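Working notes, structure below.
So that you can tell them apart, the chains are marked A, B, C, D and E in the order they are listed, and the count of residues begins at 1 in each.
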């Protein structure tokens, strides 16, 4: 998980917890409410299960988690690695890349290098890699949409739970001492919904979108780089061409 | 009904029912309210009847139901069937397909095979099948829009019913013991609207959209496959071409 | 008024009235409120008068009414009539159409036939008819926008009236027995706004849009048909060409 | 101010005032509230000052006012004037237009005629006039956006004022007789916001948009007309060409 | 900070403060609330940190501040400067520009002049400058999006804080004298959210967008001007060409 996300969660959860507990630490128990958690969390999950395919939902939990745990390495590193491999391949031939294969941690990059070593035609290597990148891009797009749907459903089921609580409380006004607690319990549902949407689902959808764009950009860069290594292009030329895949800001960070 | 939808409804209905009943099973009766059901359900249906054509509304109930009961078979199966039919037709002629016709369950596929057997020109077969696919696509699009409209009208009529209940309750404050029950009853309208929109109409609109896209993609695949069978193309070539109709994810699942 | 709209209004008004009256028929009087009707109805009309031109508002009441009273005849009928007229014109000359003119009820079709009989050039006939169809299309578009604006303004002025009622009630709490009635009266404003928007304006905007598309499609068909009659085209060819103006669903209903 | 706007304001203000006063004319004083006027009116203006440039805000008050005070003359009049000037210029030369210059009230038209009299090249005359029309169009677009922003900010600051009033009232519950008046005062803020947005800013934004389109259309017509006068084109031909700038509805109002 | 923004903040803060204090200056203390400030301010910041990258958030505070402190100089000045430099360069050669370099305050303009003096090829100078302008444009776009997100998150966390306060207050109704103060405190959260969104974040996003467009337009003008100086074009021709980068309104302010 990148440091900004960590910082954001530490800050947000810390301050909200402080506000909940600032009348005494026992105040936190006011916000623990089983039925509210069941209706808001379970209801949102249920709506997403009906909306999307079961396989898609299962697949995407994995994709989203991976996305927050692994950080996209800066493209400068990738470009330097491609240049050094291109030099190696021009000097000692494409098979010499086999010795470097173990040090590559990114499976996408490794797959490309392996395909080159295996002697596939340039066109085939490119097609296979583009296919992989597109599959990943589609997953990210569905993941973003699912998080945005969760950000819509959570407040809606928060309201559903609050209405349930209010109906229960209002139907039993005979004991006035329970009115306050009843209303408080009912409002916890709305609180859960607003919290989940604005602290979890919507900001995560935003970050996933940013990460997906960075990731896809890096995929394109690697695809182009592998093609250049395979064709035996001059390293200096490769560098110039790969810089075209960077945003203006990133391009400035690379020495001409 | 596919397993994700079933799971979603089991989860959502289960947890919401549990929350409604967790003060005792009799608590469920608090949420049974004739006028609320009439205004929210009937009002939403009425608004949709005014908005859309009567024929369209009747037609679409059928389309939507069918869509949730029948699952789209995976395209891999379809491709394999097309390949085997192409082999048969190349070996024994197009008329030999007649023996296979009874085992085809999908009426769209069967219609195409029948047209080929009947000796229609390739162009005519294609035109008729595209027309059928477009009609179905239009129905799905209208169905999705209708479900989305229901997802907008249900909360609106929930509010209408709540306002009716509040006006009735507030006009008769002479018996304080009825205030709570009156307000509770009024809120059931809002509860119905929020529940119907977020548990039924909006997730169903989402699923219908996903199913419609899968269905149309499969229609295109069948149209192309029938054309290839009719033209006597080589089965291996057919396979390659049909893979172009698949999403990258599905394409990976088929052995080259 | 088509049967779907009638059914929708019968269902919606019936169920809502039942909910309002289910504590006794006198309960209906709770929802009769002069100032609320004045502010919600009059305020929405006033906002639309400021937004649009006076002439446009007056013109569109007529267009909208006509649209709900006259049903668009099915295009199959229109095609059959064009074919029969084309046969007549090929056999007996264009002037023979004069005998048929009285049986044509659609003034748009009649105008086209009259122009042909009067001997105008084909290009001129087409230009005049397209101009008429465009004018009508524009009116429908403005009508739809106006209904959508009414669907936005009605709930807003409902809230305005409710706020007026609440301020009046809260400023005079000295007689507690009037509090309930005051609040009930105030809420009737919100009720009127929600009812008008969701039962009247928004579904009518939807239906007007559907009708406008059907109407314009039929206008295009008639324009093309008149041109074909004038040019003395073969009836079978006319039929094929006119089918191109139909939606796939309608096309299937016509025998090849 | 055109009659529709006048009628709209008379109707809207009249009915809302009647609702506010229908418990007695003194009831109107309940809705006079200094701090609410300051926060809603001043806050909205402040937000617009921060959003837009100071010069733009000042300029646009003038543009908006002018727009509601001056009515766009019907294009038929403009076309007739252009035709008569074209006849004059063809008979007596371009300089003869000088005698007519004083009777032209529209400064845009007058500027064009003056440029022609001054002997500028046709291209230059057109460029200068197009520039003027574009400047005006931009002003109208910014004006519309500013009115829409005011329609968003007014209800927001209405809520801000209501929250201020509620906090003040709730912090001082010791005198129960002041609770009602306190809440009433607080709600006036929301009332001001809803009223300003729906009775003033949003309908005015709509009308400004309609007027801006009419005005720009007329500018184009005048530019084309001046060019035609300068080139000595035949009046009948000018008429036909200018009709191309009219909407279908307006075109029908001009005799061929 | 430009005068419109200053005026807007003075007006808005002044009137809102007056409304808060008009029952006595001590009334302002009712609106000071630590937990509300923590949850609304901190929560919004946290959500933005999760949504965007940490580096982006840090970078943009700087960009936004700079944007409100420095005013974009009017393009007329820039054009005059470019003309005078072009005259100098035509008379005394490009190196003569070195003497003027110190008087240029805009680092973008200075960088361009320096590149010309250093003898880089025209194409290279243009590419480097366009890259700089694009980087800045991207920053402004992300800054605008971040401010708009803050304008969405602030009211959401205002509601979160209000719900926390209500739950705390309702759970402890035993001391009725604290109910009012508890509710007042809870509402301060909603107040903070509405205030921050409508007085700070949303108008600032609007102004940033306007400034970004002005800034980018000026960058384009400078790039074109530097290219013209370098190519030794005639000053009068440069002026005509640079006017093409201005909006119609600005173009009118420059003497032909």
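Going forward, contacts are C-beta pairs under 8 Å (C-beta built on N, C-alpha and C of every residue); 3 or more make two chains touch, one makes a residue touch a chain.
All values reported here derive from a predicted model rather than from experimental measurement.
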(message) Leaving chain C out, what are the touching components among the remaining chains?
(response) one piece
(request) Name, by label, each chain that touches both members of the pair chain B and chain D. (result) C
(message) Using the touch definition from the top, what's the fewest steps needed to get from chain B to chain E?
(response) 2
(request) Using just the Cα atoms, superpose chain A onto chain E and tell me the rotation angle to the nearest 5°. (result) 70
(request) Could you put a whole-Å number on the gap between the CA centroids of chain A and chain C? (result) 47
(request) Indicate the whole-number Å distance between the mean C-alpha point of chain A and the mean C-alpha point of chain B. (result) 29
(message) Which stretch or stretches of chain D touch chain E in the complex?
(response) 34-36, 38-39, 42-43, 45-55, 57, 131, 134-135, 138, 149, 153, 156-157, 159-161, 163-164, 166-168, 170-173
(request) Please give the residue numbers of chain B that touch chain A in the complex, ascending. (result) 2-5, 7-9, 11-16, 18-20, 22-23, 27, 30-31, 177, 179-181, 183-184, 187-188, 190-191, 194-195, 197-199, 202-204, 206-207, 210, 247-249, 251-252
